[in-house]
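In what follows, chain A forms one complex with chain B and a second complex with chain C.
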Partner chain A sequence: MADTPAPELHWPKDPKYISQSTRRIDAVAKLTGKARYSSDIQAEGWLYGMILRSKWAAARITSINCEKALKVPGIKAAVTVKDGERRIHYYGEELAAVAGTSKTACLDALRAIEVKADELPFAVREEDAMKPDAPKVWDDTDSNVSKPKVTERGEVDKAFSECSAVVEGFFVTPVQIHHPMETHGNTVSWTDEGVTAYASTQGISSVRDGLAGALKVPNSQVRVLTDYMGGGFGAKFGQGVEGTLAARLSKEAKAPVRLMLTRFDQALAVGNRPSSFQKIKLGATADGKLHAFQLESYGTAGIGAGASSAGGGGGADFPAPYLYKIANDNVRVTQTTVAVNAGSARAFRAPGNPTASFAMESILDELAVKMGVDPLELRIKNDPNKERQQEYKVGAERFGWKEKYKKPGSSPGVIKTGIGLASATWGGGGSKNTRGEVQISPDGSVEVRMGVQDLGTGTRTVLAVIAAEVFGLKPEQITVKIGDTHYPPGPGSGGSTTCASISPAIFDTCTNALQQLQTQTGIADARGENWLGACKKLGVNPLTVQGKWQEGLSSRGAGGVQFAEVAVDTETGLVTVKKMTCVHDCGLIINKLTLESQIYGGVIMGMGYALYEQRVMDRQSGVVLNPNFETYKLTGLSDMPEFDIVLLNMPERGVIGIGEPATIPTASAIANAVANAIGVRVSSLPITPDKVLQALGKVPTAKPESVS
Partner chain B sequence: MNNSDPGKAGSFSRRSFLKSIGTTAVATAAAQTQSIAAELEKANAETTIGPGAVPVTLQVNGEALKLQLEPRVTLLDALRNYSSLTGSKEGCDRGTCGACTVMIDDTPVYSCMKLAIEAQGHAITTVEGLAKDGKLTKVQQAFMERDALMCGYCTPGFVMSVSALLKKNFRPTADEVRHACVGNICRCGTYPRIMEAALQAAGVATAMNKTEVITYG
Partner chain C sequence: MKSFAYASARSVDSAQQMVGDNGQYLAGGNDLLGLLKEYLVDPKILVNIKSIPGMDKIEPSGKVWNIGALVTVAQIESDPGIKKTFPGLAQAAADVGSQQIRNVASVGGNLAQHSRCWYFRHRDVLCLKKEGDMCYARHGENKFHSLFTGNNCISPVVSNLAIAFAALDAVAVVQREGQPVRMTMAELYAKAFDNPTAHNSLNPGDLILKVEVPVTRTHSAYLQTSEKHEFDWALVSCAAAAKVADGKLSQARVALGSISPVPHQVKGANDFLEGKTLDDATASQAADLILKNAKPHGHNDYKIPMAHAMIRRTLLKLNG
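For the complex of A and B:
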């Protein structure tokens, strides 16, 4: 801990690196293949691990026999998830795992495992699972539908009767899969001394605690390391069943085991964004003020929630009404979660928000059409947030909203263009528990340490930028050590809280260290050109100083507004995004370059939600029909629109997060632009060509669509 | 585009043999069947190796990599798991993400879709083989400057696809870059930056996207 009590801290007024563009300090490692990701770890004597998964959507397992698997040449261990009788709740649930000297041996071994099971009835689609006579996902319940979460405020019925315009709609959003490019997994070594896990995770501490709990090993004997990892988006907290299995295999085989999931596994068992079916009603008074709101929704989080506390994983509810102010709070919301036989949901970049946004922003545009007002004006009138008021203005001007806006469906020709907008709100804020450490050596070198991980957002570089700023050095002169639970605790990387957690903590740490260095060496200002001289005066021992998160350097609350321009081919139904203008509040920008990258990333992921992504379940067999990239479509380079990104700089607010707000409004803005282009609304995501043609009345025998 | 070149070694495959039989068999008398069977056996005997491990020599980044591999081991598996070359990433192991892209004789190839034994006799370049003496290539340098990487897991694949493009086409258009990267996926969403980096590396002017900081107030 710091010996000197820290005076109140303020970010520097004229920073040299903060708010500028700094290249990623780990770019060279990543670009040359030197960076070792969790899936690249080749521990001495390591074995390959693989999981056998259920091919049934629901079953009672009576026995699992791994004897033959153990006889496959190269196989060193095989374990079952649970011995004896066992109930299986979804296609892809883990049954057993093997470890062997090669991938091919493991594949052979999985085939040799004998599983006896009685197949049970199942329901994988929401509409099926909701029927009173539907097979129950959880044995201990009499319904797959959760008790409704009800909110009622104000006087809703009376309020609707006071409205001069009321619109209603039914909106559907799909189950979306995280699909980080590096799959989930770990390399784990479990010996008598303890457990070491190289985890592909967004939360090394949560993996440590999870492993300790699952393996019944003291927390202090578990060390988790994450030098580089390949994305998470909310799905990579905790060790997962795969982490526990890798540890057990390691103990059994007396060797480290690398167990990475396959892309196929990834679609089944490690999280998703819940679906939603939203019946929504919105009314406004003649002055254009929103006056009454009603929502009834259901959706599925897979086996998660809804019917049994054993499920975990959270429900399918979301914030409502989203973002806009309803007069007197005349709001009635009823939300339920439907359990189905499918993998459980997990946090997914801005949980609930893109889902909530899609229906709200869509119905708002419908209201604007009905009232004959500009959708932008309607938002300006009803958005209570003052930063966003600025963003509407700035964004509309740059985008050319006023010039581009036409009545819905009035675009001529076969390829119709349209525009739309939508907004985002997010909490964020920093975690008080974050601590950091810095070691200054007599040779002038600086090592910053924190038990945080970089999931691609640029965490490492943020730490280097701030340390360099305080010490008057260059970011590339700072060595940053992260991804180790032996370092002072950092936050999990989620909820857009990382930057607001680590920045104040490392600023405090480095400020403390500088003061100590100056006190100890008697040099009044040890920064910049005096650095080497001061460090030399340390003598033989390096100076190691800790610090912690401080109030007043970060804040909660982040928002943004995005404008989309699309072209819709009314003959093929294909939607092309032409332009995205994105205005986001950014608080105090730490690294402009990586901040922009995060906004691009959020928008691009939102484009997937808008146009391409959807998990499809087969109601006959209960399997996921599109578990791979040839059928689960992600946005690609050739889908890129023109971007205009505006960062609203507000240094006085301190550091805030950007990862989630950037993805929230994208799909809604695109959906509104499509409706503006063709004059009819596609009310379910993703907006695929078939749905566009159906909306245009070009598919004569359209069946009711269903999403699952 | 990534393409899986069927390879020159052992071009008399079982499939082409069967195919050739198929076209002529209509006209053959039953008496010939036996000789066909004999020939088939001979052909198979000649080309069958494995299923156990066999010696395999790969020319990777200018060096010979001698391995013992089952014939069913992919080039990606060989690189990542039988040697320490983990720069090529595994994102899907079935030819749909591009994270495993390497160059084989300057052509970008999904290394997960190529058997290691097929890659023998060809010059294989992985991301580890690009920078010489610690000096980044133009493509790598541009990726760094433009921040065309986030988590970095897709990055080696993109670097290889773009590098292969620039070997054949010094000044590609944006459309040609799109085409070259159509087989690569990035979940973090670095595409706009990859486009900028590719064009920058080729010395083509870029002004596609704007970003601007505006002070609130």
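For the complex of A and C:
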């Protein structure tokens, strides 16, 4: 039935719930603690699991002996990641794991494991790893640096000579760590019947496939459950080494094992956003049109970069030029990645984009200054996207751009204010493999099922809103069941594609179900007040109907423009973000409230990128120096600005997706606002007080800026 | 953490008896629990001192206020009398960590807390302070570190209260070998200036009983700059206090935190301020004196201009 071509579907014209604000249907469960997150799962007879990690940044392990660990009271199992000789590539790499009846037992057991290793030289910083004589991160390579990925189009040199203004800059972005509220981890039970994993994941299907592959168990014998989970930002698609270890411990101990990482672990081994060092050159002709662009960049994705990643891989290559149109495509881009002895990068909320945006938007503002034009006008002139053209207008008006804009550095007094803006582009769109199921019971109750997980974005509520819309019911009347690989397959929550995948699928499912209900019961319109009557006519058996993603209800291409206003204390260097005006489009809005939440979250995370967050590697010991929230700093409540969020609803475009574009331009807009306030640019993120003072020339003995 | 015994003390004497040479006092536990969990300290016994009666009081008087060692940072922050009499102290308390931390953090624990150097706090780095053979910060990441020190360790004192107390010329009363000993803030930390393994001058078993704060100085102020707006350690903190009459200062004291293993005070600067009327130029001259001989280490150079600004601002706040 689901595979017969459906009649063409259209979103309702005057929806009751779609595009309105519906409170999360699971808000009460979350607030009262009734919602069980992956880290809350207490399976019958479960054990704690913990991982022993390398304390060396590079080493050759000669042996790992778990015998003494197994003698610790309460310990039921111990496994090594790999037996025999083994090369270690970064501080925090997994060596072994234990399972036991208490945390204390596990901690003691970890310390009882005997590891013999030969320490090897390492390079944890990009500038060190790039030196020809640097220790090699990978044994079989002769360089830590990848072959450059080169793009050349148009006639770049000639084009630069035709420009009336050319600006150059060097921009640095740090390694940022995902740090979701809930750490990575799983409770896994592996018995003769198969494997059940309660995973903190943004992809139950990918975890199922990953576990099946790693454990060599048939796919059909692996079930992954994720009722509630606490965020992932791109780092939680797989079961991880920790998931495989939990499974092996479970088999060994014959009990479910809950292995959740600690915050410390989280900083080392489960992903990050690659760093970037970008030498950039941009030119425009006298009419203000961008005419030539050149970029040379390098960055690290940890051990997942460099020569072994075959040219520009590992996620350290990013889109360039970003978003704006360069005449005749006069573009030269050379990107390399550098392997360092540090944890590997993983997809991180809009991979590559905030990184690309920071340098591009910064150099664009430099160009505006050089040409003596308003940065807003320069963007309007060079942005080819028609939605964003609307957003520049709407945003500038709401924000008061024209009234607020003044020449860089011209703000009087010690505390200077400034404004800046930046833009975002993102694909989004839906996955056509998405399927759903709905069960309508004779008592009128409705259960919607889909093998998707709620990353925290409000996925459950989106499904309820659409089902309610189709059936003429209220969202809270819909029971939504997700987070189970036994349900029809849903998408992984990534790429801002969830909403555009599940919305058409559930709309199709519910539309099918409504039709079938009406046909079966002979009631012409079973919706709303007729619902109960129609359902009663079903007799004893519930009606179960499936549906799938349909063309025409979603599309691709989300965008946004963010405006920032900051105050900078020029004596202490402290930056305060006063206001963020965020204008975004993502097609048809399904639930305004949770969509706004995505923008709040995106901006807050972007503020972290702008002002606070940075993984610090120590080049002497090779460790991550700030594996905690004391020194890995996250945006806090008192750092928050005033928010003004404007959403352009474009029902005609269908559903697109917003999670990622919301975070792309924030840091760039803030950096531009800081430069506008103080008249000089801090060209490396995060913009901390020391860098502001240095940029202002107030640090007499300053050495070249640290790029830790 | 390793196993330890646990006992609650009912009196100062029993606390000292139980703690012995290898024990540690437990007050709010904010600092101690972190150290234990990272295996950075290894006490044989934890002696809970919160059960000692009478040490949690703020006692005002015309001359000297007594602040018990078990008074919480939150109590100091919100006490109307302290806010009025020692506004600098109230502000220093308000800037400690987060509300949750202030609610349990005690005065004694705040003064006796250990280094926050990220090498010291790292479980897998063995630096000088942990009796390793080198200071990693000197040649490594020293953005949060000291501009002054008398030894190879450049981990600064980070207790907000110590800085405010220093400017107020407060004295810690410490029970040592059965006797109360009175220590100025300078004395309370002096050992950390010379000895890389010390966090302060307390000997094993020493118990801070209270802090005496003289009311001599009519005005006080405290300011800090952090990377975040709240719940973040000071990059530089500054406290100032003085008697102000007819616009003229007397007995002025300025102390800085996070730039030296001790509350950084310069007698010459305090003397210079005697009898002065505060204006920008005077405050700036004082700042010059206070920061003379500062020795930055590559990443903490910015602390010099920052501290300069903080001294000026804090001093000018004394004008009311």
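Note that the second predicted complex is superposed on the first by the 695 of 708 C-alpha atoms of A that agree within 3 Å, B and C clash if a C-alpha of one lies under 4 Å from a C-alpha of the other, contacts with A are read in each partner's own complex, and residues count from 1 in each chain.
We take it that a contact is a pair of C-beta atoms (placed from the backbone, for glycine too) under 8 Å apart; a residue touches a chain by one contact, two chains touch by 3 or more.
For clarity, every value in this text was computed on a predicted model and none was experimentally measured.
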{"item": "Touching partner for A:Asp40 - first (chain B), second (chain C), both, neither", "value": "first"}
{"item": "Per-residue contact with chain A, leading partner among chain C and chain B", "value": "B"}
{"item": "Contacts of A:His179 with chain B and chain C, given as first, second, both or neither", "value": "first"}
{"item": "Partner chain in contact with A:Asn649 - chain B first, chain C second, else both or neither", "value": "first"}
{"item": "Partner chain(s) touched by A:Lys698 [first = chain B, second = chain C, both, neither]", "value": "second"}
{"item": "Which of chain B and chain C A:Lys548 touches, first, second, both or neither", "value": "neither"}
{"item": "Touched partner set for A:Thr576, first chain B, second chain C, both or neither", "value": "second"}
{"item": "Contacts of A:Met605 with chain B and chain C, given as first, second, both or neither", "value": "first"}
{"item": "Which of chain B and chain C A:Ser638 touches, first, second, both or neither", "value": "both"}
{"item": "Contact residues of chain A, present in both the chain B and the chain C interface", "value": "630, 635-639"}
{"item": "Of chain C, residues touching chain A in the complex", "value": "1, 116, 118-119, 122, 124-125, 136, 139-141, 143-144, 225-233, 235, 296, 298-302, 304-306, 309-310, 313"}
{"item": "List of chain A residues in touch with chain C within their complex", "value": "55, 91, 107, 569, 571-574, 576, 611-612, 616, 618-621, 623, 625-627, 630-631, 633, 635-639, 688-690, 693-694, 698-703, 706, 708"}
{"item": "For the chain A and chain B complex, residues of the former touching the latter", "value": "19, 23-24, 26-28, 30-37, 39-40, 42, 48, 102-104, 179-183, 228-231, 233, 260, 262-263, 387, 390, 394, 455-458, 585-586, 589, 592-594, 596-598, 600-605, 628-630, 634-640, 642-650"}
{"item": "Interfacial residue positions of chain B with respect to chain A in the complex", "value": "70, 72-73, 77, 80-81, 84-94, 96-97, 99, 126-128, 130-131, 136, 140, 143-145, 147, 149-156, 159, 177-179, 181-182, 184-195, 208-216"}
